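Letters A, B, C and D mark the chains as written, and numbering starts fresh at 1 in each.
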Amino acid sequence: MSEMSALRSLEKVLGSKELLYTLLLLSVILPILHPLGIPVEISKRTLDVYEYVDKKLPPGCHVYIEVYYEVAARGELEPNLIALTKHLFDKGCKIVYGSLSAFGVVAFSLFKTMAADLFEDKVYGRDYVYLGYIAGSEAATASLARSIRGTISVDNYGNRLEDLPLMREVDKATDFDLVIIVSSGTDVFAYYVRQWHTPYGVPLLFAALSVIGPSIEPFVGAGQAIGMLVGQRSAAEYEVLVGRLGLGIASMDAQSTSHMLIVAFIAIGNAIYWSKRVSSQRGGSK
Amino acid sequence: MSLVVRRYAPQAIVTIIILLTVMFFYFYVNPETSEAFSRADKALSDWVVVITSFALIVGGIDILRFHLVRMRKEGLRQAPFSAVTISLLVLMVLFALHGWYLSYADPAAGIAITTQPQFRWLYLNVYAPADAAVYSILVFYMASASYRAFRVRNPMALLLLVVALIVIFGNTTVGGLLWPGFLSLRDWVMTVPNTAAFRPITIGAGLGIIILGLRLLTWREVSWMGRRE
Amino acid sequence: MITWEVFGAWLSAAMVVWIYSFAYRDNALYKLAEHMFVGTAAGYSIALALDSLNRVVVAPAVRSPETFWAASWHYVIPVVLGVLMFAKYSRKYYWLARYAVAVNIAVGSGLALRTAPIANIVRQVTATILPLWGSDPVKVLNNWILVLVTLGGLTYFLFTIFPRRVEGARPSPAYWVYRSLYYIGIYGMMVGFGALFANTIMTRVGFLISIYLIYIQPEAWASIVAAVLAAVAIILGILRKR
Amino acid sequence: MKVSRGLLIPIVVLALTALVSGVAWALRIQLYSPRAPFSAFLILVGLLSAGYLFMHETKSGKEIPVRRIPAFDAIEEAVARSVEMGRPVHVTFGFGTISSAHAPQYVAGLGVLSHAARLCGKYGAKLIATLGVPEAIATTEEVVREGYYSAGRPELYDPTYNVRYLTDQQFAYASAVQATLIRENVGANIVVGPFYAESLIFMEAGNMVNAFQIAGTARETQIPFFVLTADYSFIGEEVFAAGALASGDKETLASIRGQDVGKLLSIVLVILGILMLLAGTKMVDALNWAWKVG
């Protein structure tokens, strides 16, 4: 009998949601503040992307990056964007950023503050440009592929495009060596496949949320994109490859600790359940 | 007569629109007809957008009424909170209307309904964080639901637990430390059994759509009409 | 100096913390946050509705009246139907609202009805017609699983047409096939459910990380104050109940 | 022999389809769209005819036996238990509207609501229906009113208490529902319809007050949360069957049989396709074939 009541009180303490929730919060926040550094194996998919950027792109190349995600998706996509930007800047590439959505503007400004170290010795207008929000979704994508200066006249900060040295070097889809789409939606990937890759053959690279990954897989399988980075896992691997450990790797630690906490609680729940069941069976046979 | 305009005419509209949209999709006359049809298709979708917008405005009025009634009926424990809801609702609408006015009065300023500054402030500092917080409160619920759900009561629950553990270990870096095979096993679970499991459900959902279409076409489905005569 | 911007950042952090506090226990500050949320959400819906109306009807009609009346005059119809939605408040003319609902329901069902046989049936069936033999054992096993679980699931969902077991008599072979497929179906689907459930944990934790980075970390003090207030509210709530 | 009108319509439709297609094929006319697979059109016409036939058969009093669905039987238990404990019953039918592809689930949820409302009238339980779809307000009020009136308990009907439209924004609706569940201390939580991420929020909030939970959806991504956390759950298509059972209407129930025909057809096509693959023919090509002449 006392065995049963002891089990019950144990269950009451361990099974209380307050304890679980508090531990869960800590297991997510602490690893972000102090990363544990659990080693990450590099998957072939991420390695392929890295090798492509590293080997196939000429030094001083031009890259277009579509920034299309709302702030809630930041945790999964921003680390990918930072790692890719770091890799491209290290190679001396020049980047034109643009957003087909209004929330992309907020995401870009947050990204720039998070990755301030990357932009320190880069000059705006010469090494990178942010075009800002371009309205018109797929129609705008098609128009940009023909001519950026023909679509919009000023960048996000109101500078005229003719005044920016980088924008005098590039104007249409074929001027770019690679186009990277960092998006939380699925449609935008299809826009670029239809309007940039199919007519002009520009190589595309995708960075997507882990829930979106499977639905854009067919594009990669069909060779319409050179590869894709999916969620925090890919970000963590890419961070290891480019040697700038950041949120991706810290998030993987947070993912590990929180998942293990849940596994531990599942185990405890089962242990209590079975010991209760066993002891009640013994009680029944008395 | 009254039954004709009250019931039969709306039902006839439903039947005609469904028949036309389906027929023009499967039948083919000539390229011009297809072109005209896809334009009509786009127009109909826009019609729905317009009608739904009015429904949302009607819904807003209902929320207002609901909270006014609660303020009157439930006393001090509820009234201040309902007052908060009502005043924020009214404020948001007023700011939106102001933005709408500005978009015509001063187009150069580039202010529209959803970019009116005060409207944006409320959106960014009340709506957006609350929305994201309710979405992410799910992480807590996932944890407590796992604690309860994965108890091995019977063989089926054991199967569930094993699959869940494979996915959990495959998703995290800790799993890779324990056994490198978790990653590929997880990929297999997510592609083969997972795809197979949801295929019958997808087929079933499609059949549900067809049969509901039949009930609407034959005037047997009347629940959308609301009040009965 | 407290600017609107600083106050907004504090408010955002507090909103997040107060909403999380519900997971522990319902309290007055959650109630406040919830009512603020509902109020802004309702206002936001109406604003979005006005924005759609503006985009689809008002702006084209005002900016270029000639083309609107020539090509898009038919938008007057949904506007009239939309206004009829307000008839639901009338005791006598409530049925006028049905005309608007009828168009909505018909367009929705029509669009769904024409693609459902393709996307939900033909595509799924063709994807399940797989060779159950071959030289690659892994592929063969995968195909067997895909085919059996799909057929099993479909069998599980049969509600009115299935072989029945006659009392006292030996079950027929058809009944045995039905029962085995039924169990393969439900067990196979359970595997999918377990996998999807566990896979979702990752995305949800990712969201929590995003929220922490956007709202909590930059306003750590505001968050802590909000959390303390929420704790006080919870305790007061418990004391009051006693 | 007298041929009933019900049998006549599907026969005429099918015969006309065959005749028109045959003539068009013989004359090499591009009658059907070259973009949609022809098999899809045949399946659509076939299933609509079959469903119509079953619905018509019920007019002559034919009964259709239905497999037992435990979750459906549990609804009555849930309502009865709530009354015993003196707690209200909560019903919500989700977030999809009737103007989307989720309409069938919405209609099924509405059916379950009307069933629950009738039971609430029978047992004298208080019902709280929350909703997030503005188009459904009038319908929901009507369904709940009728539930109480048909059981002879009109005094229990109070529109502002029974029917609560919260907002149409997904998570605002979810936050208000979870608060409602706890503040009203509901005894039963019946959640059937199209649901998105809010599914687990409702389940956990219901669990906090130890409510008896019955849940179901046909939205693939949310089924796991209901199956793993509810006391009883409707999986996928069981939702439609529950809606039909709940409506208590024979014709609606008969239409479910049309769905069964569709499933049998899918099973037969898969098996036939695999057997034909064995013989070296690809049936997939036939299924994907679109009407093209010349």
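Just so we're on the same page, a residue touches a chain if its C-beta (ideal position, glycine included) is under 8 Å from a C-beta of that chain, and two chains touch if they have at least 3 such contacts.
Bear in mind the structure is a predicted one, so any value in this text is a computation, not a measurement.
Among the remaining chains, those touching chain A as well as chain B are C.
When chain centres are taken as C-alpha averages, the shortest distance to the whole-protein C-alpha average belongs to C. The chain with its Cα centre farthest from the Cα centre of chain B is A. Across the structure, the highest number of inter-chain C-beta contacts is found for B-C. Taking each chain's centre as the average of its CA atoms, chain A and chain D sit 37 Å apart. Centres computed as Cα averages put chain C at a distance of 16 Å from chain D. In whole angstrom, the spacing between the mean C-alpha positions of chain B and chain C is 5.
For chain B, residues that reach two or more other chains under the stated contact definition are 22, 25-26, 48, 52, 55-56, 58-59, 63, 128, 130-132, 134-142, 144, 146, 148-150, 160-161, 165, 168, 171, 190, 198, 200-207, 209-210, 212-213, 224-227.
Shared interface positions of chain C, i.e. residues touching 2 or more other chains, are given as 19, 22-23, 31, 37-38, 40-42, 44-45, 88, 94, 97, 101, 104-105, 107-109, 111-114, 116-117, 121, 124-125, 128, 150, 154, 156-157, 189-190, 192-194, 196-197, 200-202, 205, 207-208, 210-211, 214. In chain D, the residues touching two or more other chains are 36, 40-41, 44, 47, 97-99, 101, 103, 135, 137-138, 166-169, 171-172, 175, 223, 225, 228, 235-237, 256, 259, 262-263, 266.
All chain pairs that touch, listed by label, are A-B, A-C, B-C, B-D, C-D. For chain A in complex with chain B, the residues that touch the partner chain are 15, 17, 20-21, 24, 28, 38-41, 43, 71-72, 214, 233, 236, 252-253, 255-256, 258-263, 265-266, 268-270, 273-274. The touching residues of chain D, when paired with chain B in their complex, are 30-34, 36, 40-41, 44, 47-48, 51-52, 55, 97-99, 101, 103-105, 107-108, 110-111, 134-135, 137-139, 141-143, 146, 160, 164-169, 171-172, 174-175, 197, 200-201, 203-204, 207, 218, 220, 223, 225, 228-229, 235-237, 240, 251-252, 255-256, 258-259, 262-263, 266, 291. On the side of chain B, the complex with chain C involves touching residues 5-7, 9-11, 13-18, 20-22, 25-26, 43-60, 63, 81-82, 84-93, 95-97, 100, 103-104, 112-114, 119, 121-142, 146, 149, 156, 159-168, 171, 189-190, 192-207, 209-210, 212-213, 216, 224-227. Across the complex, chain A meets chain C through its residues 17-18, 21, 28-29, 32, 71-76, 110, 209-211, 231-232, 247, 251, 254-255, 258-259, 262.
Residues 23-24, 201-203, 205-214 of chain C touch chain A in their complex.
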